[in-house]
Amino acid sequence: MDILAEASRATRNFGSFTAVSAVDLAVGRGEVVGLLGANGAGKTTLIRLLLGLLRPSDGTVRLFGAPPSISTRRRVGYVPQTLGLYAGLTVAENWSFTAAAFRRARAAIPGNISAWKNELVGGLPLGAQRQVAFAVALSHQPELLILDEPTSGVGPLGGARLWEQIRQAAGGAAGALVTTHNMEEAEQCDRLVMMAAGKVVATGTAAGIIGDRKATEIHCDDPGRVFAVLDASDFAVQVQGAALRVAAPAAAVAGVISRAGLDAVVEVVPANLEEAFVALAGRPEAG
Amino acid sequence: MWAMIAKEFHELQRDRRTVAMMIVLPVVLLVVFGYAANFKVHDIPVAAVGPGASQAAALLREPTFHVTDVDPAAGESAAQARLRDGQDVIAVVTGGGRPLVLMDGTQLFSVETAESALARLAPTAGTPAPRVRILYNPDLTTSWIMVPGLAGLILVFIGTLITSLGVVRERQAGTLEQLAVMPFRAWDVIAGKIAPYLMVAAVDLVFIVVIGMGVFHVPFVGNVAVFALGAALFLLVTLGMGIMVSTVSQNQGQAIQLAFMLVLPQVLLSGLIFPISSMAAGVRWISYVLPLTYFIQVSRGVMLKAAPISALAEPLALLAVLAVAVLGLAIIRFRRDLAPSSRTTQAAARTAERAAA
Amino acid sequence: MRYGLEEVRVTRGRNVALAGVTVAVDPSRIAVVVGGDGAGKSTCLQVLAGLLEPDAGTVRRPAKEHIGYVPATAGLYRDLTVQENLDFTAAAFGLSRGERDRKASQILEQTGLGRARRRLGSQLSGGMQRKLAVGLALLHSPELLILDEPTTGVDPVSRADLWRLISRAAVDGAAVAVTTTYVNEAARAASVVLLEAGKMLASGTPEQILHDVPGAVGAWPGADRPTSLSWRRGASWRVWSPAGRLPDGVRPVTPDFEDAVVVATLAAEAANQAGR
C-alpha cells in the first residue's frame, strides 16, 4: 500500500509540556483512518506535524514520502470543523475564491452542490454546508484528506451521505485521516488510532479495540437505590432505557449490590467503543 | 490576490451596517460641517432695558443681533435674570451714565462675535462708550464650558454604548435565553442590567465634575440637586437608547456600529462645540431632538450660572418626556425577548399541572 | 403524559418548524429527541421550557421554579467563576444559604469541579463547562430537566460523566428531556422521538422502534452503491428493501438502532417524493 502520511515515534514538546509523545501513525492510499481522542490529547499537534506546520522534537514525520513542505502541503485537502467557508458569500463565490487560490480558476462546480450555486452559504442547512465545504476542499484534487469531525451534527442519514463522498474520494487515488471524538464517526473508519495525553493508547478496528471487554446491565425494581449504591462505590453508572448500565465486570457489580442488601438481575453484555475509550484514555484532568 | 479583493467586496456589500457607515457617515459629516458648524454667530438674542433702551436697540442691527425685548422700565437685575435664564445672551442696561453691556460668558462664540461687532459700532457723539461686563465666565475660558458638556458625553458613552454591549454580550453568549426560563420577572432582569451602569455613570460624573473643578477651576455655583436631577433624567434616556440598540443587534460589533452612529450626531449637533443658534434652520431641528442638547443646558446652567430650577424647567421637562418614551419603548422590546410565552399557555400549563398532581 | 408536548405545531414565518409533534416526558425517565441539524429538536425544547408559544397543541410543564434548562450554546456565565455561577443560580431559585452550600458541594463533587471553584467559566474546558451547566440546572432539584444537545462536541470522557449526571437526576425522580444528534445516545433512552424537518418519523421505546422496522435490511461489501435505498456503513453498504426482498449478494442482517433510524428517514423521504 502506498503510504501518504507517516509519523514514526514522533514527539513534540512545548517547553516542558509534551504534546505528542512517540506516536506511530500511517495513512495509506484508499483507506480511512480515524484519529480518536479528547481535546488536548494531541490530535491537533499531530496534524500540524504531518502538515509540516510544526517540526518534531524527536522522531520522523513524512508526507508523501518526504519531510513535509509547502509543495507537498498543496496535495492535502483540509476541512476544519468550522468548514473554512465564508458564510457571507454564495456557494459559487466560495468556489471561485478557492479555485483562484489554488490556481484552478476554470474548474466547474460539481453536480451535487450546483443546485445551491447562488445561495449564501450561511443560509444553507448544516448538511448542505458540509457538502459544499467538502467539495471545495476536493476541488484541487488532493491526495490526502484531513477532515475534522466531518459529519458532526448532521444526523445518521445525512452523515451516511457525507461518508459516501468521503469514501468516493478515498477510494479514488487518495486516503483520508478523520479526527474526531465522536464514536459514530469513529466506527465508520477502516481503522482507528486512539490518543490520550499525547500518546497512542490503542490502534486497530473498532471491534479489535473493544476486544473482549464487557459491561454489565442491571434490571431491578428500585433503580434509584441501586444507582446510589453503585455511584457511591465509584462505578460509572448510566441509565439504559429502563435498566442501568455499568462499565465494569458483572461479578464486582453484583457483589456491591448484594452487600447493600438490594435485589437485581445482572447481565453481561459486550462493551461499546465509548466504554473502551474511557477505560483506555483514563481521566484527562482532575477538577 | 484578485480573488481576495473580489471576495472582500462580496462580503462587504452584504454587510449593510458597515456599508451604511461608509456611505451615510461621510454624508452626515458633510451636511453638519456645511450647515451646522459655524464659529461665526448671527442672530444673537439681545435685550435692552432702561430709559435709553430703544436707542440702544436701534443700534443693534441684524444679522448679528436679534432684539428680543425692549423694556425701558426694567433695570440691571432684570437684565441679569434674562441672561441667567438663558433668554438672552446680551443685555444692554441704559441709564445713569455709560451703558452697561452684560454678556453671557457661557456662550463663547456669541460673546466674541458680539465684542467685535460692538467695537465696530461708530461711537455716536454724546453717547459715552459702553462698559462691557462678561458674566459667569469672565475670562471666556474654553474648559469652563467644555467640562459640563463633556460630563454629558461621558454619560452618553456609558449609557448608550457600554450598556448596549453589556446586554448584547448576554444575547451572544446565549445566557439571555436561560434567564427567560428562570423564575425572574422581566423587570428583575432589566433593572439588574441597568443598575450597575447607572451607578458607574454616576460615579464617573462626579469624577469629571470634581476633576474639572480641581484642575481647570471650573466653578460650580448652582444647586447640586438640580444638577443631579438633570443627570439622572439624562442617564435614563441614554440607558434606554443603549437597551434599544441591544434589542436590534445580534453581536457586539453591530452594537458598537449602531451606538457610534447615534453618539456622533450628538457630539456635533448638541451645542457641545458649535453653537446651536448659528446652525442653519434645516439642521437645527436635529439639535432639538437630541437629549444631550438639553443636558448641556442644565449642566452649564447649574455649574456656571446658578440657574434656578424654574429657569431650567423646559430642558428638564423635555428630558423627562424623552426618558419615559425611550426607556419605556426599550423595556417593552426587551420584555419580548424575555417572556414570549403568553399568559394563555401558562394558564393551560398550570391547569394541566394541577390535573396531573 | 406528565409533562411534554402533545400535537404541537410551530410555524416561523413560512417555515413549519414543528408539524404536530408529541413528546412525553415522564418522571424518572429520560426522553430523547434525536434528529439532524434543523430537524426541530431545539424548537421542541424551547416550547417545553416556555420560551416559545406553539401555534397549536398542548404543552405541559411545571412552574418556572421547578424547571432546569440548559440551552445548546451556553448554560453558564463565562466571565464569572464557578462559585459565582453557583451563587447566582442558587439566588435566582431562592435557595437558602444552607441548601445552596450543601447542593453546591454535591454538584462540585459529582462534576469533578471541586478544585475549580475559583476558576472563570471561560478557563474551563468544553467538557467541564457543560458539566457545570448541567450541574447548575440541577442545583434546585428540578422536576423537569431540559437539556439541548448537552453532549454535542464534548470529549468522550466528559460525555460519560454527563450521562452519569443525567442518569442520577432521572433515578432521583426528575423527568428528563434531552436532544442529541448521536444515535447511540438515543438508544439509551426510555423513549425516543425521531424528528426530521419538523415531522415525527418514529416514536416509542428503542425496542419498539427496532421492532417496527419495515421490510428487510442487508449488508453489501462492494465498492459501488447497490440500490437507490442504500447508505454507507464503514467500508461497506447497508441496503433496505421495503418489500422485504434483498437483491442477490446482499447478506441479510439484524438491523441495529442506527439502521432503524436511517430506514425511518429513507421511508419518510420516499413518502415525500411520492406525494409530489
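Read from first to last, the chains carry the letters A, B and C; within each, the first residue is number 1.
Convention: a residue touches a chain if its C-beta (ideal position, glycine included) is under 8 Å from a C-beta of that chain, and two chains touch if they have at least 3 such contacts.
All of these numbers come straight from a predicted model, not from anything done at the bench.
Comparing each chain's Cα centroid with the centroid of every protein Cα atom identifies chain C as the most central.
Looking at A-B alongside A-C, one finds more C-beta pairs in contact between the chains of A-C. Centre-to-centre separation between chain B and chain C, using Cα means, comes to 52 Å.
Centre-to-centre separation between chain A and chain B, using Cα means, comes to 58 Å.
Chain A and chain C have centres, each the mean of its CA atoms, that are 21 Å apart. The multi-chain contact residues of chain A, meaning those touching 2 or more other chains, do not exist; every residue touches at most one other chain. Contact residues of chain A toward chain C in the complex are 32, 38-40, 125-127, 152-161, 163-164, 167, 171, 181-184, 187-190, 223-224, 227-228, 231, 236-242, 244-245, 247, 272, 274-275, 277-278, 281-287.
Note for the complex: chain C touches chain A at residues 28, 30, 34-39, 112-116, 125-127, 152-161, 163-164, 166-168, 170-173, 181-184, 188-190, 196, 205-207, 223, 225, 231-235, 258, 261-262, 265-266, 269. Taken together, the chain B residues at the contact with chain A in this complex read 2-4, 6-7, 10-11, 14-15. Against chain B, in their complex, chain C makes its touches with residues 2, 49-54, 58-65, 67, 69-78, 89, 92-94. Listing the residues of chain B that touch chain C in their complex gives 173-175, 177-178, 180-184, 340-342, 345-346, 348-350, 352-353, 356.
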